[in-house]
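Got some structures for you, see below.
Both of the next two complexes hold chain A, though its partner changes from chain B to chain C.
Let's look at the complex of A and B:
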């Protein structure tokens, strides 16, 4: 069971503020998601399938050759100052 | 001596981040790895900005460099290298996760269980164990208008985001801050010899430290941006913790930041714990299968490493191991030494010259690089002028009795300023040394006139004084007596400071 305090902590980690009355709702929804994942645990998988490897390919790499990207990426940023992107100040 | 808890054993561990500055592109995208000095957010692409739908593609050479460094540090190389996502929200991280490595289910990081031997601890030696070595991406950089305390928002520059870092984590095997310094010097020399990271570049090597005393909680110190400051930060933290322990105050396990302006550690306000990072396997990067023969092929490609080079210097050139270590600890000195022996075959004499006179000169003056013109002050410009031939000639002149050591040191100063060969300078000294005060006076006045700012700096900064002296030597084509010129400059500076502004 996901507790109210766990939801509060997750909200802190995600740097979002949620209202007290929403805490219970989110806790219930997370419980549902976890219950679904628990179903996966019941699956019988053989030992040579390692569940934490999600991709069959391996050794896909590229050469160390730089190529500049020329589009103006700042056009996607709402808040800019000169060439900088403005972001909320976080206490360190 | 009574055994108080504050006398208990100190344990120090390090977490070092080295940028692979020899790479040309970033770790997971094709942006240039050379982000320094560029306009903000011009060295970026959809991948390193974390745009939806983009896919990272790993830089093969980054993996090779990381394996080479792991081998140099005696690590075991993982058979399967995989990447993980470390989740946290901070503006310098565009994706809200950092692609890094993690050894949760099996050894997935490039290297594990390594070691580095400190064999120059006042005659004794000690092994520092390396827990793991991993590849990860550098975050972007934050700037603030005015100071961080008064600014209303952060300014983000992602040019650095995605640059390849190797993280090296040691076991808490250090007992003293001085061992930390030795370790970092040795590591820097290994990086230079491998040619994968230039530690002299600003921000290329950064360090976090964890410190605990006795059974007390462990404290992490982050944000230490220079080698010199690591020793300072660790020493400060030991004193702080001892003082708390001796007064019976609990030492909290926490993260602190090094404040290099105030030279203290301060409590960090973010309270993420290791489990809060919710590491999970990076599904977009296929794992790297490393075969034994791949590792051996890389080992064969590795250049001579510091330990082997010290041994060779002792064997081939009959140097003492101390002298050999001092040379090899700074690769450029070792290179200069070997090249100089081609011009003069008295290797011990040359080594002696570099280790005592040249190194002493560099330590006193090399960091004054006021105009960033690379002029006179920086060690780069010194090495541009002091070539192997210069060193060989100086050693030869002293050995043959033509000049004494004091004169030789003055000639070195002259070489740095003028780039002339020592033999030519000695001839010039015999012919017409600019020794008369009034002849020098006009040159000194001209330099003070042209270098107003350095002159004002010289009131409080000895390195600025040396910068001025370099100019005098240059304008006199190396004919001025450096001693006399220096005393005249000092006189002018003294007059100025007496006379006020």
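Let's look at the complex of A and C:
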């Protein structure tokens, strides 16, 4: 089941840093929760049962009207330089 | 009117006092702030107060004196609702966007985030005259049932300070129960409006999925979550629903056009439930997880509605056994995808990006989520990963389809399904927080409505040793008027037995 190495891998996939000393507790808790979820596996449903889909979904289209770029959009960005947003380097 | 009792007025009573000139909105809001400053140190219902509330109160007062015409704050989207909540202090859960007021989701990740627009429901309530008084405490991103997973401290239950107020909309419920707001907004993904409503002895409505626009609600699990309404009286709920329900071009694919199908006039709500048929569910009634006082209260509620002329029968829905596993699998999967947006670039918590590699930057920033959020994101990542997708996520979606079909079958034969809102009394602070699975278990009665998309209402029903107990009804899609009728019947029949606030 879920061990320390698996939690480390999941944390990497989700891009969440986790302290080494927390790994064991997360592993225990996640293992217990997944063991509970395992009851889904015993659920015997035929392939014709459609998985849940949202009901009453419909699309209402509105006109595509271009509007001017507003400074508001950037008001919560903190790492800015002039009219640019600073981000970490993507290539090494 | 003088004294503290005016804070306990229901919203529809307060609006009358304001309109006939007995109460000035500015005075009322100012003294409400005073009350909050005095009381909230112990309760911790609010994360942020609205600095502009007094200015807004003055705008309302001016309109009342006839100096200006009331058109709402945002150029009047009247809809005939233009003043039905005039001057009512509104508490807004901190995951619902408010223009110019910090909206944190009770998370360090958003501790200084200020939205540049109002959520549609907030805008509609403001246009009807409500005044946002502040933003309320919650479990981080709505993930929890006790408001203990907040980066801003736990909210205390106004009826018993050493106990939780419920969650995740705990601040909104506690603010209402302690008369620090007139009406409140919450959000309900698996019971987050109904749980704290039940623990705090107020009303909490999770509407039909899609009836209220989710525009401006910060996402956690889109296929389950709804903005919910909280109040101290049934008529207040009806007023709020009338103002907020209906389609929204900003959130078109989930909003149902209610204008034609729903009769939401508060005056038309009758307290008559004679001949209505309610179903109780054997799997819930017989569940070992239900506390004795809750079971007793439920039995008493059954005899109350029978005395009012309703017929109650027991049915069995075996698929409900899978409800919690289905709910949590889907909620975590959607959370892991929704919360990928917190990257420290455009908004929210960040650090200096110079000289840091992308992956390291992204992981470090996201290390600031709280423990429950991290747990759910990682579990969501797990159930969606290629080896496990069929075993967990697809099975959960199929279980959800079965549960919805089974519930709708019961709702063909019965007007509503009746059950406790919460299986337990409000726990003591710290009692359950360290054991996630045990905490998830207390959502067993509430998640059903979210899985099926049907409306559900928690009604304050009784007290046990000073602790509130609620009863919950679920109805067919768009049958909110029926839920309001049931609640009104119980409110009228039990007005001398149930207190909905503590002064």
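Just so it is clear, the second predicted complex is superposed on the first by the 58 of 92 C-alpha atoms of A that agree within 3 Å, B and C clash if a C-alpha of one lies under 4 Å from a C-alpha of the other, contacts with A are read in each partner's own complex, and residues count from 1 in each chain.
Basically, contacts are C-beta pairs under 8 Å (C-beta built on N, C-alpha and C of every residue); 3 or more make two chains touch, one makes a residue touch a chain.
From a predicted model like this one, the values you see are computed outputs, not experimental measurements.
Chemist: Tell me the contact category for A:62 with respect to chain B and chain C: first, second, both or neither.
Modeler: both
Chemist: Have a look and say if chain B or chain C is in touch with more residues of chain A.
Modeler: Between chain B and chain C, C touches the greater number of residues in chain A.
Chemist: Touch test for A:1: chain B only (first), chain C only (second), both, or neither?
Modeler: neither
Chemist: Once the structures are superposed on A, label A:33 by its partner contacts, choosing first (chain B), second (chain C), both or neither.
Modeler: The second partner, chain C, only.
Chemist: Is A:82 contacted by the first partner chain B, the second partner chain C, both or neither?
Modeler: After superposition on chain A, A:82 lies in contact with chain B alone.
Chemist: Between chain B and chain C, whom does A:13 touch in the aligned arrangement: first, second, both, or neither?
Modeler: Both partners, chain B and chain C.
Chemist: Pick out the shared contact residues on chain A: the ones touching chain B in one complex and chain C in the other.
Modeler: Residues 13-15, 50, 52-60, 62, 73-74, 76, 79, 85-90, 92, which sit in both footprints.
Chemist: Help me check something: in the complex, which residues belonging to chain B touch chain A?
Modeler: Interface residues on the chain B side: 23-25, 30-33, 39-46, 49, 51, 57-63, 82, 87-91, 105, 142-144, 148, 151-158, 223, 257, 268-270, 272, 276, 278, 281, 283-289.
Chemist: Can you list the chain C residues touching chain A in their complex?
Modeler: Result: residues 113-114, 116, 209-210, 223, 247, 249, 252-254, 256, 321-322, 324-326, 328-329, 336, 345-348, 350, 352-354, 356-364, 366-367, 369, 371, 374-375, 377-379, 381-383, 385, 391-392, 394-402, 404, 436-437, 440, 451, 453, 477 of chain C touch chain A.
Chemist: Using the touch rule from the top, collect the residues of chain A that touch chain B in their complex.
Modeler: Its residues touching chain B are 9, 13-15, 50, 52-69, 73-74, 76, 79, 81-92.
Chemist: For chain A, which residues are in contact with chain C within the complex?
Modeler: Residues in contact with chain C: 2, 7, 10-18, 22, 26, 29-30, 32-34, 36-37, 39-41, 43, 45, 49-60, 62, 70, 72-79, 85-90, 92.
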